[in-house]
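To start, the structure under review is shown below, and the notes come after it.
Just so it is clear, A, B, C, D, E and F label the chains in written order, and each chain counts residues from 1 on its own.
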Amino acid sequence: MIEYAIYFAFTCFGAAILMCLWRIITADGVGTRVLALDTMVINTIALMILYGLDQGTEIFFEAAMIIAMLGFVSTVAYARFMLRGNIIE
Amino acid sequence: MNHWIVAPIVLPAILAPFIIMVLRYHLDLQRIFSVAGVVALLGIALTITAQASGGDIQVYELGDWPAPFGIVMVLDRLSAMMVLLTALLALPIVLYAIASGWDDRGKHFHALFHFQLMGVCGAFLTGDAFNLFVFFEVLLIASYGLMTHGGGSVRLKAGVQYVAYNLLGSTLFLFALGTLYGVTGTLNMADIALRVAEMSAEDTALLRVGAVLLLLVFCIKAAVLPLHFWLPASYANAPLPVAALFAIMTKVGAYSIIRMYTLAFGPEVEATQGLAGDWLQPAALVTLAVGAIGILGSQHIARMVAFCAIASMGTLLIAISLVTPQASAAALYYVFHSTLATALMFLIADLIMERRGGAITPMTPMAQTGLISGLFFVGAIAMAGMPPLSGFIGKLLVLDAARDAPGSSSVWAVVLIGSFVTIVGLARAGSLIFWKSHDAEHIGSQGTADEEATPLPAPEPQPGLAFTSVFGLVAGLILLTIFAGPALDYTSQTAEQLFTPEHYISAVLGGEE
Amino acid sequence: MEALVASAVGILTAAGIFLILRRRTFPVILGLSLITYAVNVFLFATGRLALNAPAVLNKYEDVPYTDPLPQALVLTAIVISFGMTAVIVMIALSAYLSSKDDHIDMSPQDSVDAPGEDA
Amino acid sequence: MIKLLRRVFPHPHLTFLLTVVWVLLANNGSLNSLVFGLILGIIIPFVTQPYWPDQPKLRNWPMIVEYLLIVLWDIVMANITVARIILFKRDADRQPNWVCIPLELRTPEAITVLAGTITMTPGTVSCDLSAQGHNLLVHCLDAPDPEAVRDQIKQRYERRLKEIFE
Amino acid sequence: MSLFLIAALPFLGAVFPALLIRAGRNAAASAAGLTTFLALMGLLIHIPAVMRGEVVTARFDWIPGLGLNANFMLDGLGFLFALLILGIGLLIILYARFYLSREDPMGQFYTYLLLFQGAMIGIVLSDNILLLLIFWELTSLSSFLLIGYWKHLPEGRQGARMALAVTGGGGLAMIAGMLILGNIVGSYDLSVILQNKELIQASPYYLPALILILLGCFTKSAQFPFHFWLPHAMAAPTPVSAYLHSATMVKAGLFLMARMWPVLSGTDAWFYIVATTGLVTMLLGAVIALFKDDLKALLAFSTVSHLGLITMLLGFGTKFAAVAAVFHIINHATFKAALFMTAGIVDHETGTRDIKRLGGLRHLMPITFTIGTIAALSMAGLPPLNGFLSKEMMLEETVHTTWLHLHYLVPGLALVAALFSAAYSFRFVGHVFLGPERNDYPAHPHDPPIGLWVAPAFLVVLVILIGLNSAAIVGPLVAVVSSAVIGGEKLPYYSLKLWHGFTPALFMSVVATLGGLFLLGLHKHCERFWNTLPRPEAKVIFEALINRFTQLSRWITDELHNGVLSRYAIIFVAFTVGLGYYAYTTGTIGVETRIPLPAQFIPIIGWICLVGATLGIMWFHRNRLLSLVLIGVVGLIVSVAFNYLSAPDLALTQISVEVVTMILLLLSLNFLPTETPWDSSAARRWRDAAISVVAGIGSGALIYAIMLRDFAFPTISDFHLANSYKGGGGTNVVNVILVDFRGFDTFGEIIVLGIAALIIFALTEAVLGTNVRGYLLNRKPHWPQSGDSHPLMMVVATRVMMPIALMVGAYIFFRGHNQPGGGFIAGLIVAIAFLMQYMASGYTWAIERQRFYYHGTIGWGVLIAAATGLGAWFNERPFLTSDFGYINWPPLEEFEWATAMLFDTGVFLAVLGAVMLALDSLSRFAWRPGMAQEFPMDINPLRDDPPEQDEEKEQA
Amino acid sequence: MTFIFELLITVFLIVSGIFGFVGSFGMIKLKDPMSRLHAPTKATTLGVGGVLLASICHSVLLEGKLSLHELLITLFLFLTAPITALFIAKWHVHRHEKPSDLPDAGEDELWATHAVEQVEDVPDHSTN
């Protein structure tokens, strides 16, 4: 039962990621692109956890955590660039 | 175990950070320590050369892990002599950089200088292919810093090209290493040699690709046509003392070619048949030709010297491409000459540029014009391979070694015509820079000889030391000429050692060959 | 799986080289980082691919391990190329600020002591 | 005694939090990880403390718990609402809207928590502060009645936060 | 005196003039003279031995490996030439002392002269052809300096370069010839080579060797068609012309032909090449000489002509001809040197060398007139002067020579040449000294001080004495020399008497003399006719050639290295792919031994994202920010892929590096244009795309082929897996490899990182030191900036996150040895944690709270790593040997310590310092005075208007 | 008993999957940038939260070992999502909204993003 649920979740998040990619490429403004990238990162984290759950392995945890932390940093950096041009001031 | 073997790497690796941390704000102390470091390196180099000249090959297993599983440094005649050459080159250059005040035109010159030395020595000593890559990167990134030392728009632009091109090269290096590892399952050079020799004839394609890619990487470093394009602009626009130091960098490429193609991919190994032989020699010939033409066609002295470097690499690689003990002996002798001569020319070019700019056109005479023109004449003789300096002997050795080789006639033709064009080019440059300037002067102030002329003042803080270091290089060339006999003996023995790779392999891997 | 990885390497290489062939510094730098990805994956893949076999020794049960060596090499490579990228970014930026021009090409006549040189 | 404790734990909350974080990271409650987490929990605040001057004193712990539970519940609800809007509501029928929320909160930490809460809860995103930080600009995904939204936020969250922080 | 010393003396002596010139011109001159004199004495000591026909030798093994040995030998031939070189050298030194003017740097002159002298001595004494080559090229170089001595004269510079090009080039040809010769014989020693006539002439390489060697000789001796450089070398000061271009250097070619005569001559090839060249040169030189108005030009071409004469004689290949050649060498040296000096005197005194402006000097300069006339008549070949004797012998020999069965060709042409040479000799006398005295000389001429005329006078005396009684004076010498030339064989019959009876030669001499006089009478008409002839000016042609070639090579060089990086890169890629393909196809590919893994759902998603993003970058690369975002996607996917493929360490590293790189790029993009303009044509882009695709296919195919095959041999990483725990004390094999098995790589790697940071710092300093600083302060942002640059909420969030981030860093670090992680990743995470503070609370505010200094951190990192390595030395282990163990402190469970952790600490510090220093430096570009902010948040209600109750609290 | 647990986990997974999908779908579907912002910040976050919860439950309830470290990831996401949203919103306000379009900012007159002295002759945002 859990297998199927996991596969369902796979599909959902996979589709989500593809939609994010689509948004990144086709968005009209860079803000939306950054938003899409951020969302993609979060979806990826979900996928990694799911896969770890599916395979019963722990090796995805650290990566997921680091990605969660750093994804934020890069998003902020992009945003600061768009707002101020200068990300460290 | 013999710790001397890693000393050439560890010394700069400790000295440079020390300079950065402790001496950051004290240029004088930096200079003292830097020179002391180079002298110490020279001492170490002499020691290990003495140890290696016995002919037995010593291995240093880093981390106490046996080859091929760990990284080993290998000390044989070749690596020893290359380290010695590096140290010999470094001393006059660091002195010149200090005397000319170049080291004060930007930050961290001495630290970068020693990191560069570390990279070069490491590349010469290591017995591990991937470690060779690492040391290539060390010496490269240090060279990036030195090349852009002091900034300036043109220099930086040249720097961008230089870095970009070499990053491509490093990438190729990784592709090559990946392929070799993916096939042989090892990274230790001796082990690679062993496994390549045992490679089954049914499965050679991937190995060959790896081998040829590796060769290409080394050819980039050695500035072999058509992979030499990184050189002219970067050498011509680098601080010229740095360019003088870079004379050893191209030799790292040449060294690696000799090393890998005598050790692992030798002509008798059928798995890698005809990878180097088929095209390396023609490429080397073209390199020499393009270099010579460049010398004649340059309008700027630094650029001209850069092409001198290319031309001499051409000659060197011709000798290497013959892949015979005699030719390799010639090549190794020529390595010494070409390194010192190229460095000498760069320093002279700096003396000139600092005084009157580098354009090869008449201008008002400069300070110490007589002395500098004399030095230029000597340097030009060395560069063009005219007697009596070592260049001529080196050229004779190469021609003599090519005598019975296939395509010897083309080699002779290119080498001789190449030197002819070089002579014409250098004579032209010299007479424009030094003689025609007097013409301009005569037109200006009626017939005053150069004693009474009022030349531009000498720019260096200590011209004395600057000239001393230049004379040091000249002396090196003269000694190389006078003691050509012993030198040739050493290189011949080195060549023999290279062409009996069994010793190397057994020394590295223990008796398992 | 192998096909995916190989094709990815190919595409990254192609894109990287294409960008390296542009005439401004920034795209060239992008191209270099792309080709760096390509070569890292390439080097990694020379250890052959394996799923759920990290080279972390398991004291309790006997499990398969992937080839750790290429991973170590790639790690080194990543770090080095990071340093290199940082440097070329810096040099490119300095070059642009010094000449207000981010063309990567030069002319053969360019020389450090040419008139108008600010060094 | 208290002095000594203060000396050892200058930042008790942080030390506790970090120890917990370490145990979570190590993912085992062994004595080793506890001790180690504690050590780090004591050291790290010394490094980070200069970056967090005048930390607010938290009072009223029950209120904190209550607040957390409410927020969690709202988040779930929020998502369901938003999901319905996104999936089934046509853009035409939707009335996105700006709302200005006058703030009584002064503490930056408090304002941050409020803004965060707003963003995570029903169809609202906190977008900006006013030039001196007395008002919060909120965007509503579908708000026919802005006032209602504002009052709900002030009642449901700001009141509690004021008790917690000020 | 040892031959070494004789050869060395001039070189040693060359030092003194340059040094002594401060002490005055006489000092310099006498130093030079003394040296030469000593050498000369040293030579004369050997007279007895030489006259006994012995060969004096001196041998030293210099480069045995090459066969290049410092072997010298002195036989008759060598002796004669050494005598000429040193003897005439001495006279020239004396002459030059008075000839050179105040402005001329005399020290240089004598130095160059002695260098040249040494080189010449070296040539004639060498017993090793490689050694000979060295001296040979040295003469070219030193003569280059001498000819260009008057730097300010364009003719001087051009003449010098031309001479160097021609003679030096010939020398290069000769190198090849000599190498072949040595190869045939198996030795480079002359004495050996000279024993192997049959061997050499039988060899198939004889002809190429001969031609190449002769090229050297002909260029040096100005034989047709290489004669053109000599007249232009006359731009040199007259002493130089007299020395190099009459007495010595131009004779070097003759010397070598004479030297090689025993082994090279006697073949048809030799005869037709050498004799014909000589004949043509002799004739041509003589004819041209007659119509030169410049005294020195006249003498120059007459020299060409006489060199041709001697060459021809050597070319005949008969012993008698050889004797005649030797004899004429001696005679020519005497009268020609005298003539040059005379010309010099005339020039010096009258201020012109133009014959048209001279004449009637016989009363004004009687001494000069006498000297000049005697020498000239000897040149004309009139008895009883020495020129007559050797010319007689020459004519005599031509009579017996047939050229392609033509009996009269050689003597006929020889006669014509002799006739012309008589004519120009008479002209030298007639048009300079005889005729009416003029009043328009540029200067007021009179006889020079004795110093100037004693040298030529001495030579003229020789001319007469040799003429009157040659047998007594030079007979023995000629004998010895000739026997040396013909290889020690028995000499032919010859006599050096004036009168041989009515021989054909005598008639020819008479005809020549009378014809010469007659021709001089018609000189005006002939000249008119001559000037109407089209004459190719060799110099012009040569200069044009050189310039054309220089232009060409400039074009080639600049076209090839046109500074366009993309071109370089395309060549690079194409060449690499091509050779790779070649290497692949020339090998054989083995069978696939591995089954591919199934491609699951998630990887396919990832692949689509990767490909999409990559193509997106290619397509949108002109939008720089967008391409950065897309690169972010690529990085994300790659790192997740690493994780998926069992490489967690890589995943962690990749993603952290990714973020830092992205921040670096954003920092720099703030100053760069955000758009890349179109600047390559569509065609170009398609070409680039094509090449890129090919390369992509190449790399992809290569890795695919590798992945589907097993290692050909067991991989060494099995050892790492086996020994990671028991040998390295860690279960994360990757990390153990990094810090232990291959710790040296990592050591180099952190150094690379450190250097990178240093470079960035140094460049920042350099660039901000220039006018760029001003530009940065005045530059406008890319677009309008928003307010509130440090939003309150961001600040608070980062404050909460920072300790946690540090905790994570610590966690990643400490587990690294046994679990994915390690010093490098930890370093990046910690750096990013601090970076968050920079971005949130502002650079200046954050930097004030910084507790560590980046340079120091880097330095400590490297030093700690190195120290860990060195520590091993103290317990007798190699660099970087690690150690580990377990600690058991109840109630704690036992835990591990490992020196590798210390090493990893070094890595951690180096990475942290490097990243921070890099980012810090880049941020300084944007820094401007106004930016220093005292508060972390732009908006903080608590600060701006604190709520009342707080104030109450404070009061309470 | 396990069945209940599995059911619970399954539900978590399915719900989170739906939310994850919705989050990104909203970004595609919704037209105006501000509304787009709502979808990912919430839906996606909860989606991941669900997955993490599922994972925790899985290890705790089924494997019977206490593994809560997924909480850390959740913590990060909940801490960062609002900030991300804030910045995107600020960007939008900065780029697309004039002060007049926004509700009155009370005594402070301006919203922080607009509160900046305008620099002259700065090129407008290039369209990226």
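Here, a contact is a pair of C-beta atoms (placed from the backbone, for glycine too) under 8 Å apart; a residue touches a chain by one contact, two chains touch by 3 or more.
Quantities reported herein were computed from a predicted structural model and do not represent experimental measurements.
Student: Taking contact as defined at the start, I'd like the list of chains shared as neighbours by chain A and chain B.
Tutor: Chains that touch both chain A and chain B, as defined above, are C, E.
Student: From the C-alpha centres, identify the chain that is farthest from chain F.
Tutor: Result for max centroid distance from chain F is chain E.
Student: Between D-F and C-E, flag the pair that has more C-beta pairs in contact.
Tutor: Of D-F and C-E, more C-beta pairs in contact link C-E.
Student: How many angstrom lie between the CA centroids of chain D and chain E, rounded to a whole number?
Tutor: Between these chains, centre-to-centre, one finds 73 Å.
Student: Report, in whole Å, the distance between the mean C-alpha point of chain A and the mean C-alpha point of chain F.
Tutor: The computed centroid separation for chain A versus chain F comes out at 11 Å.
Student: For chain B and chain D, what's the span in angstrom between their mean Cα positions?
Tutor: Those two chain centres are 63 Å apart.
Student: Take the average of all CA coordinates in chain A, do the same for chain C, and state the distance between these two points in whole angstrom.
Tutor: Taking the mean C-alpha position of each chain, the two centres sit 23 Å apart.
Student: Of all residues in chain F, which are in touch with two or more distinct other chains?
Tutor: Correct list: 18, 25, 37, 45, 69, 72, 76, 79-80, 82-83, 86-87, 90-94, 110, 112-113, 115, 128.
Student: In chain C, what residues contact two or more other chains?
Tutor: Those would be 20, 25, 28, 38, 40, 42, 45-47, 52, 54, 56, 69, 73, 76, 80, 83-84, 87, 91-92, 94, 98, 104, 106, 108-110, 118-119.
Student: When you check chain D against every other chain, which residues touch at least two of them?
Tutor: Counting only residues that touch two or more other chains, chain D contributes 21, 25, 27, 115-116, 128-129, 131-134.
Student: Which residues of chain C touch chain B once you look at their complex with the stated criterion?
Tutor: 20, 25, 28, 32, 35-36, 38-40, 42-43, 45-47, 69-70, 73, 76-77, 80-81, 83-84, 87-88, 91-92, 94-95, 98-99, 104, 106, 108-114, 117-119
Student: What residues on chain E touch chain D, complex-wise?
Tutor: My answer: residues 787-788, 791-793, 795-797, 799, 802-804, 806-808, 810-811, 814, 837, 841, 846, 849, 851, 891-893, 895, 937, 939-942, 944-947, 949.
Student: In their shared complex, at which residues does chain A touch chain E?
Tutor: 7, 10-11, 14, 17-18, 21, 24-25, 30, 33-34, 37, 40-41, 44, 47-48, 51, 59-60, 62-63, 65-67, 69-70, 73-74, 76-78, 80-81, 83-89
Student: Of all residues in chain E, which touch chain C in the complex?
Tutor: Within the complex, chain E contacts chain C at residues 557-558, 561-566, 569-570, 573, 594, 596-600, 603-604, 607, 610-611, 614-615, 617-618, 621-622, 624, 627-628, 631, 634-635, 638, 641-642, 644-650, 653-654, 657, 660-661, 664-665, 668-669, 671-673, 676-677, 679-680, 688-689, 691-693, 695-704, 706-708, 710, 715-717, 720-721, 724-725, 731-734, 737-738, 741-742, 745-746, 749-750, 752-753, 755-757, 759-760, 763-764, 766-767, 770-772, 775-776, 818-820, 824, 911, 914, 918, 921-922, 925.
Student: Quick check on the complex: what are the chain D residues that touch chain E?
Tutor: Residues of chain D touching chain E: 14, 17-18, 21-22, 25-26, 30-32, 35-36, 40-41, 44-45, 47-48, 50-52, 103, 105-109, 111-112, 115-116, 128-129, 131-134, 166.
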